[in-house]
Every structure is written in structure tokens, then in C-alpha cells.
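To start, I am sharing the structure in question, which I have written as C-alpha cells.
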Amino acid sequence: MRLSTGFVRASGYAHKVRRVLFAVTRGKVEPKEVVRAAGELNQRIFEKLRELGVEKSDVVRITVPFSIKEGTIEWDYDGLEIEVYRKSEEENLARAMEEVEERERELEERIKELEELVLNLRETSEQMLEKLEELKQEHTSLRLRAEE
Amino acid sequence: MRLSTGFVRASGYAHKVRRVLFAVTRGKVEPKEVVRAAGELNQRIFEKLRELGVEKSDVVRITVPFSIKEGTIEWDYDGLEIEVYRKSEEENLARAMEEVEERERELEERIKELEELVLNLRETSEQMLEKLEELKQEHTSLRLRAEE
Amino acid sequence: MRLSTGFVRASGYAHKVRRVLFAVTRGKVEPKEVVRAAGELNQRIFEKLRELGVEKSDVVRITVPFSIKEGTIEWDYDGLEIEVYRKSEEENLARAMEEVEERERELEERIKELEELVLNLRETSEQMLEKLEELKQEHTSLRLRAEE
Amino acid sequence: MRLSTGFVRASGYAHKVRRVLFAVTRGKVEPKEVVRAAGELNQRIFEKLRELGVEKSDVVRITVPFSIKEGTIEWDYDGLEIEVYRKSEEENLARAMEEVEERERELEERIKELEELVLNLRETSEQMLEKLEELKQEHTSLRLRAEE
């Protein structure tokens, strides 16, 4: 298998690696392992980018082969490729990727708000089950949780 | 402390004991212990009712002292009192208690329907959290459950 | 058709009339009409009970025939029957019905608490739809409510 | 005020115009008007793009001034500016924008799934209110909707 970040602003490579890795390994690997493997790869990429003198506002494209062995992701670092597009040479690309990053931050805000509501919802549904159980305990002969 | 069932149709004494016990021990005893203690007491009452030749359609009123020791309910069986109102003598009372029993069955039906909806709700909220997590994994850099 | 309250404490006859009327006309008459018709009948019963010198703690049993014409409940007042069981004569019945009334008040408390949670839930679900719509508006090309 | 699409693949300019317009007019204009105004502007842009011989895979950047008068968006078409970046000249930019478009489609899929769950949730909460109302009608003297 192969992870490919596509074009991404250097400042955001680590998040992009993780997102893409979640997408390509969905259903094959545990989320915790995806987080771990992304962290490991990102450390390696970080060093390479420093060696290459890449700036945050440059654009990069990273590909790396990997395999999954017993639920664990193993990177083939020999196959790691990093293309660099300097802002000074590809200014429009750099600006476009900056816009993409900005849009993603806005999306995150919306999703965070939505998440809060979903957590509210879960709490409300737990409280309902609790209230209903009390109602059953004191006013019915229905089967209770304590009898399960 | 003292459990008192109030008037109840003999057919429904066991449920009534449990309901009242839940109400008077709320917050002091675990539900499982309420279920256990009610079961124990009900067995004893059952034998007494048989000895007394009580019919299902008679009405009874049961009181019994108890104490709570380290979360356990201990019945004081010496203080157990059972009043019996024979249907042949208290016909109106017997019929009234029969009606009450019937109403309770209808209430139970409604509550069962409601419970199904609350269980639905909980499942939907779990699915939402799941979907939202996937959305966060693949499209954001927000903190994931796998990072907690 | 026929409404029959069963045994009920005189203090609670009006509520009992309404509850039973809801049950027997379910699906045939609008809730508003049930409320209206119950109110009308209860006014009539109220006068009769006064004439009969019924006390709050006495027990009554009321039956009355009715018909439904074009969604309207018409009471046949000529067929109205009120049986009265004086507390002084039927003391156990009176005390039993008092207990029933007390249990119903406790049930109401539980149901009110549950209702608050359901109203919470509805509000949360409306807020979610709102947030999701904003997310769709600003981050997708999915069909919007404004396009319906 | 000023609408600016940022860099966008020509194939997706219409959606981008609408999304950005929603974001910049949030709280000032009704959603229906945003949809209408976006549609009007997009028609004009469509003609311009045809005149300019723009291909779907080219990248464009559109800015246009507008004002809001009594809840209506008025475009200042004289100020409409369209920058075109041909794929043949800015290949990396064109490919990057193609990737962005692809990611957005995936995001839409996730959001559609989430929306279905939220609609489920709303229905469940309506059903609960209905069931609770029936329970109140037949088993309590609590205030009903029909009395509001």
C-alpha cells in the first residue's frame, strides 16, 4: 500500500499524513495504531524537511509505501519521497494551499460546535434512560437493568 | 425503617413490595440489592399468604420493618404484618384494586413503547459520535478519541 | 359508547373522567375536543356531587353514555349514573383510593422530569439541524433547505 | 462588501461562490436570498468563462463587489474580476485544486451520512413527545398540549 498526501502546505503536512492514513486504512487498522504510525512517520518527515530547508509556506507532496502486519503499520522508509515546491517559484500554488488551510480551520470550528451538541445529546439520552429506569422501578413490574 | 405496601390485590403483592422498596430506599441501596431483598421478602410473604388461604382477588396490606447494614437490607420478619381483606367481605375494595391493577398494565405498555424510543435514541447518538469521529479523523486535526 | 370512571376518590373525579375519555376515544376525536367534552361533563358532575353532598374523601363511580358526531362528543346526560361510597361506610375503599391518588402524584413528578428531558432533546436536535445546515452552506454543495 | 472566491477549479466555481457568499453574509441575509444571488452571479460568471475559453480543469479566482439593500444582495458587475490560470501554464496549481475538489466530495459523503442520523434523531424526538403526551393524557393530570 502507499500513502500519498497530495499537495499540502508544509505547515500542515503532519495533519494531512494522519487524515490520509485514516482514510486508506479505514477498517483495517485500529485508530490508536493510525495515530501512532502517523506520529512515527511525521517525525521522520520532520527531519527530512529540516534537512531540505523547507519553509512553512512552501508546498510539499509526500509519498511512502507501507504494509500492514498483524494490525501494525510498517513504513518502508527507503521508498519515502518528498517533492518540494518553493513558494518563491510556485507562488500561486503556495497561496492556494494557504487558502485551503484556512478553510479547513473554519470547517473544524463548525465540527467542534456540532460535536458539543452530539455530546449533549448523548448525555440527555443517558439521563432519559436513568429517569425511565426509576419510573420502571417505582411504578411498573417491567424488567429492570438490575435483573439482567 | 418500615416497608408498607398499602392496599394491594393479592395477585400483585410481589410487584408492589418491590416498587415501594425502590421508593423508600432510593439513594441508599443498590438496585441489585433492592431486587434481591424484595425477592427474599416476597418468598416469605408467599408462604404466609398460602397458609392464610388468601385468594388472588383478595386484597392485602403488608408492613414489615427493616434495616440497612452496609448496603444490605435486613428484614425483621418478627415484625411482619399481613392484613387480609377477603373479596367476599370487601367486594368494592377488591374490585377497585382490580381496576388499579388493570390501569397499571396499561401504563406499562406506554412505558415500554417509550423505552424503545429511548433505546433508539441512544443508538442514534452513538452512531452520530462514530460518524463524527470518522469525519474528524479524515477531515480535521481535532483531538481524536484515539489520542485520549 | 360509554364512559366509566371505575372507582375514584371524589377529589379526583375530573381528572379520571378526562383520562378515561382520552383512552376510549383515542384515534376518533381530536385532543382539544376531548378536553372540551371532559370539561363540559365535569361541570355537570360537579353540580350533581354537590347536590348529593359528596365529600372529597368519598369514593364515586360514574358512568355516562355518549356518541361521537362529526368529531364532536355528545353526552347523553339522561343516562348519567353516579354511585357514591361514603368514607364513613366504606373506610377501606376510601383509604385505598387515597393511596392510589398519592401514587399518581408521584408518577406525575417522574413524568414531568422525563418531559423536560424530551424537550431538551428536541431543542438539541433542532440546533444540530441548524449547525449542519450552516456546515452544508459553507462547506458543501449539498442541497440546502433554502432550495426546497 | 466584496466576494472573493480564492483559487478554485473552474468546474467548481459556482459552488465556491455560494459557499463564500453564505460565509460573508451570515446573519445579514436570508438563506433563500443567498441562493438566489449566487445563482444570478454564477450565470454571469458562466458567460464570462465561456467568452474567455476557460476549461473545467483551469483554475480561476473571482472577485466582485456587492452591497446589501433591504435584505437583497446587489452585485456590482462593473467591478467583477476573473483571473484565469490555465492548466497548461500552472499545472501544479491545477492538480492541487483537483485534489481539493476530490476531498470536498468525500467530506460531503460524510456530512450526508451525518445528516441522515440527525433527521432520524428529530423523528425519534417527535415520536417521544407524542408518546409522552399520550401517557400524560391517559395517566396524569399534567397540562396537555391541547390545553395550551
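Residue numbering begins at 1 within each chain, and the chains themselves are lettered A, B, C and D in the order written.
The criterion applied here is as follows: a residue touches a chain if its C-beta (ideal position, glycine included) is under 8 Å from a C-beta of that chain, and two chains touch if they have at least 3 such contacts.
These numbers come from a predicted model, not from an experiment.
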Sharing more than half its contact pairs with A-B, counted by residue number, which one of C-D, B-D or B-C qualifies? C-D
Same vs different contact residues, subunit A with subunit C, by half of numbers used: same
Could you put a whole-Å number on the gap between the CA centroids of subunit A and subunit C? 53
With centres defined as the mean C-alpha position, give me the subunit A-subunit D separation in Å. 25
Report the inter-chain centroid distance for subunit C and subunit D in whole angstrom, where each centroid is the mean of the CA atoms. 47
Which subunit A residues sit where two or more other chains touch them? 23, 106-107, 111, 114, 118, 121, 125, 128, 132, 134-135, 138-139
Please name which positions on subunit B make contact with subunit C in the complex. 6-7, 23, 59, 85, 90, 92-93, 95-97, 99-100, 106-107, 114, 121
Can you check the complex and tell me which residues of subunit C touch subunit D? 12, 15, 18-19, 22-23, 26, 30-32, 34-35, 104, 107-108, 111-112, 114-115, 118-119, 121-122, 125-126, 128-129, 132-142, 144-147
In the complex, the residues of subunit A that touch subunit C are 103, 106-107, 110-111, 113-114, 117-118, 120-121, 124-125, 127-128, 131-132, 134-135, 138-139
